[in-house]
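Dropping the structures in below, format is structure tokens.
You will see subunit A twice below: alongside subunit B first, and alongside subunit C after that.
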Partner chain A sequence: MSKTFNKLSRPYLIWLIVLALLPVGVMFGLAFVKTEGVSFDTFYFSLESFELITEKSTITAFINSLFYALVTTVLCAVIGYFVAYRLFKSNLNNKLLILTVLILPMWSNLLLRTEALGNIMEHNNILTDILSNIGINFSIGIKGSPLAVIIGMVFTYLPFMILPIYTALEKIPYALEEAALDLGLTNIRKFWKVIFPLSLKGLTSGSIMVFLPTLSGFAIPQILGKGNIVLIGNIIEESFRNMNYNFGSLIAIIILVFILGSLLIINKMDKEGETLI
Partner chain B sequence: MTNYPKAKLEDYGYKDYSLLNKIYKIVSWIIVGIVVIMLYLSIIMIALQSFNTSSDITSFESFTLKWYTEIFSHRQLRTSIINTFVVSIVATTLATILGTLIAVGIHSLEPKKRNRIMLLNNIPLLNADIVTGISLMLIFSLLLPLFPYLFGPTTLIIAHLFFTLPYVIISVLPKLKEIDPFIMEAALDLGVKPFKALRKIIIPAIEAGIFSGMLLAFTMSLDDFVISYYTTGNGFDNLSIWVYGSIGRRSLTPAVYAYSTLLTIVTLGLVLTKNFISKKRGLKHEAK
Partner chain C sequence: MTNKVIIELDQVSKRFDDSVIVNNISLKIYENEFITLLGPSGCGKTTTLRMIGGFETPSSGNIIIEGKVFNDLPPYARPINTVFQSYALFPNLNVEDNVAFGLNNRTYTYLVNFYGGEDQLKSEIISENPELPITKKAIKKKINEHIKKSVSEALSLVSLKNYEKRRITQMSGGQQQRVALARAIINKPHILLLDEPLAALDLKLRQNMQYELKEMQRKLGITFLFVTHDQEEAMTMSDRIVVMKDGIIQQLGTPRKIYNEPVNRYVATFIGETNILPGTYVKKDLVNFLGVNFDCVGYTFDNNETVDVVIRPEDWDVVEVNQAKLEGIVTSVIFKGVHNELEVDVKGINLMVNTYENYNVGQPIGLKVDPYEIHLMKVDSDEQNL
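Right, the complex of A and B next:
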């Protein structure tokens, strides 16, 4: 398009450098020193944060986080792909409606939703009370267990998996499917040979969009895990609450490594980030 | 004349999958239904709690609407709701306008530069909330000696603008690509000034992208807790921060549930009405 609008993106570049890149530098600096909060008035070089990171509790939290994030991502991928494919194959080709139905739960506060989900997972709650009034006695008491955390994470982040896959599927021209069928592929082989490879872009974006927040989130494990399950997000939150910015920064940088990896994958698969939503 | 047996379709290797397909279709819709119910389970729970007379969450006493009036009388809740909306509306409006302009700018860049800026643009999208929150807090803290009262609405709005802008940009960019590049040139040849052409030609063509970007931006802004938690100042609580505090103090009023339910119902109503209207309009269009 015309060169006139060239300059419009210039301020944004500066904005991104200041707010997204500069803090990484600051965190890097903080990780190697000992300071009072964030003020650099009295600081001295120290590797105390590195000692804290090799502590058993930190390492357990790391392994836990990776485990929960992986399980959640795989479950979301399977369920999300299924739902996205069903929606794509249905006559319901109103993207805005699908988008709204999927993101509407997010209009209610995340903490409230998690708290409400936690209530269902207790033995006594409103739902069981109402059900027992009509003669159904049924309750599950899984709050505080790993299963509760995983269920909570899966159904909180599932929309972030469904949307990218749906967006990728939607871009596949119908003519391709017709061609595959004309050339004698069965429906199942058509799916694996034509549709699935073309939708990988969406699956990758979706997996990253689920993996990263579950890796670093702290509200869901805290509420649904009743404090039994400590993830890396909880440790970052705790160290910043205790004004230990140095240790917090170091862990944040380690998380940033994962994010950098994801950025590179996205940059390779989907340059314009079309399937990120 | 001998009676040869008639060959059936099956004898040619045709397998009848129609029953199997039907079963698959029904089962898959059931699964989709279960998933949607699971997504809305917490919302249903919140709604049930909002109609309960007792603020005890373990038993349902009787139906009431009193919590709906408390939304407006509970002072702290009211303030935090107002704060949330002020921040979200200001941030979304800015993000929509600026994001559209930036997307137009990015679109007109040469590919190499465009890739570089898109890589940076994906950072706020992919970055863990907690890392974004801490990053912004660190930058704002460094500015603290210059502006001692910085933390508060200003930092919150900047933070929300920071993570909502990319959503608008990636929603608008694909629509920009679909536009015929010659339309713009034709307009310029006919003597229209570039920014007027932008307003009259490009913006209407990318309207759908702008709208879905705005919707996403608003949703993300409304739902955010972690980033707000780190970037707000003392005394300026949005709803998530206030809820987090209340959960910690075990003093959550059911009025929050009422507010949440109200918001969901109103939004759902708006969307369904809009969908209904556009469908009707579509039918009329076809009839012509």
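Right, the complex of A and C next:
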């Protein structure tokens, strides 16, 4: 039995080694050398990349990334909790349908979605066109501003927050709420003493699932920030595009360490697999 | 029952959509009694309990607790605590925090009054340490000491001493049950509601808990309102039993009364095994059933009125055929440990008979019954009337 399974898992194992493990290994190696692209003719050992890390632009990008990821996560947590809680408390028959509608945007292409969002953040777009036809002349031009980037990130990653919080809330037996009331708690205290602590797991999972992609992503700041806002993901992308594989690899590895650390936390917190990773 | 009425249900009804769950119930519950709502699932007993607890509001009628109408008051404003069927313990808290939950979440003023008022607490602080300035902080500290003491008292009452730091998930069903009890009684409620709390326990544990609950009720001197579908459980613990069916009270009385003198067929069959036979009330103290005249005592009907005759299986006396009033053939024997459960065919009718002696299938036996063991019920008695 287990032998058959071993054989069946072999293609995946090869795939994992060739396309994931090996590249990471190469990246790790590239971080400590100096090469022209990936041609190894002229390569020599060098810690030049490490010096680049301490450069102001890199540090700023790092701080920017952390800042934007943090702001997005907090906003998503607040909005996501409200949405999930409202849905949890509603008497709707088909909560699953609502949930599906909420996560529907997740299934469309990220770039397409972001471009579309960018479009309506500029003057003269399809929306203002329609609105002006019915006599409303109103447009905002926030594309390129930090606000635009944050809106884009929250818009993109909110479903990742709603889902785990909702699952955690659904798991709280109703009897616990009754018990809290029975023991003398008002509705508000009941929320803070019973519901909120028991949904923390979902909140943590959701936060990590929002924090990680916003920390390392580069498409949203690039499109919605019009290049004004440089995050660490943009630096990595740029270095690879400029054939500076050594520096790109080094930052990528550092980000990887962050991600692995967060995954460890998820593993600790989320034994039932609420998270979508 | 010279006791004070603590809860009064005054023509209380509860409707969900179109169906009537509780139908015009009136009931008085006295201070310091153990009262059980007994009935099959769907009879409205849990809904009644939930209305008293404040989890449901009655569609009509009044719930009067200690003289005040309590219909719309939320649960936290009632002098009542509940032990839930599922226990409903907080999984994120340990045993101690679960038990202290009710007290920990009360206001400062509530707790000061709970522990005897400000002067009482102040004098306690002074007697321990006269130099200590009496600040709000000192009183708070004193209250916390009191809570800690209350927790260990409550836990020792349910025999869970030294389990304070245990996690809920590490406790067995029986232990969780005890924690739930402790969590309710620590608040010193005037009324404790118990919603089938023993249903999830195994037989042995359940029997132990029945005695312990009864004992606890005596010790604490508070009113226990217990809900169950298990008639044996109700018999063991209750001072009074309320038998319910389809949202209506069928009979209200002591266990003995309900067992010996059921008002109708439903109560007679629900409370224990029984034989119900059609009969005729010939004249005063004489009843005819299975073609034979029997003496009976204490019932007044019209002469020659048809009645239902109730005879409990253990009330039959098995005697020699020649001394018997009724003759029958044993059709089945089941050994029940203490007694044998016989099925006896008498003139084509199956009777249940419990006896200590051994008999064989096919053996002819004689049956007799003492006059005071015969219980008569009106046949067309409206089952909705008490």
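FYI, the second predicted complex is superposed on the first by the 233 of 277 C-alpha atoms of A that agree within 3 Å, B and C clash if a C-alpha of one lies under 4 Å from a C-alpha of the other, contacts with A are read in each partner's own complex, and residues count from 1 in each chain.
The rule is simple: a residue touches a chain if its C-beta (ideal position, glycine included) is under 8 Å from a C-beta of that chain, and two chains touch if they have at least 3 such contacts.
None of the values given here were measured: they were computed from a predicted structure.
Asks: With the two structures laid over each other on chain A, which partner does A:A175 touch: subunit B (first), subunit C (second), both, or neither?
Replies: Touch status of A:A175: second partner only.
Asks: Is A:V26 touching the first partner subunit B, the second partner subunit C, both, or neither of them?
Replies: first
Asks: Which partner does A:L183 reach: the first (subunit B), the second (subunit C), both, or neither?
Replies: Only subunit C; A:L183 stays clear of subunit B.
Asks: In the superposed arrangement, does A:V78 touch subunit B (first), subunit C (second), both or neither?
Replies: After superposition on chain A, A:V78 lies in contact with neither partner.
Asks: By the touch definition at the top of the document, which applies to A:K193: first (subunit B), second (subunit C), both, or neither?
Replies: second
Asks: In this superposed model, does subunit C or subunit B come into contact with more residues of subunit A?
Replies: The partner making contact with more of subunit A's residues is B.
Asks: Quick check on the superposed pair: does A:L147 touch subunit B, subunit C, both, or neither? Answer first, second, both or neither.
Replies: Neither subunit B nor subunit C is touched by A:L147.
Asks: Using the superposition on chain A described above, determine whether A:R113 touches subunit B (first), subunit C (second), both, or neither.
Replies: Touch status of A:R113: first partner only.
Asks: State which residues of subunit A lie in both footprints, the one left by subunit B and the one left by subunit C.
Replies: none
Asks: Where on subunit A does subunit C make contact in their complex?
Replies: 173, 175-176, 178-186, 189, 193-194, 197-198
Asks: Mind listing the subunit A positions that touch subunit B in their complex?
Replies: Per the stated touch rule, the residues are 1-10, 12-13, 15-24, 26-27, 30, 37-38, 79, 82-83, 86-87, 94, 96-97, 99-117, 119-120, 122, 124-127, 129-130, 133, 155, 158-159, 208-209, 212-213, 215-219, 223, 233, 236-237, 240, 245, 248-249, 252, 255-256, 259, 262-263, 266-267, 271-274, 276-277.
Asks: Considering the complex alone, what residue numbers of subunit C touch subunit A?
Replies: Within the complex, subunit C touches subunit A at residues 53-55, 74-76, 80-82, 84-86, 88-92, 101-102, 105-106, 183-184, 187.
Asks: Spell out the residues on subunit B that touch subunit A in their complex, using ranges where they run on.
Replies: 28-29, 31-32, 35-36, 38-43, 45-46, 48-49, 52, 57-60, 98, 101-102, 104-109, 115, 117-131, 134-139, 141-142, 162, 165-167, 170-171, 173-174, 176-177, 181, 184-185, 188, 194, 198, 212, 215-216, 219-220, 222-223, 225-226, 230, 239-240, 243-244, 247, 252, 256-257, 260, 263-264, 267-268, 271, 275
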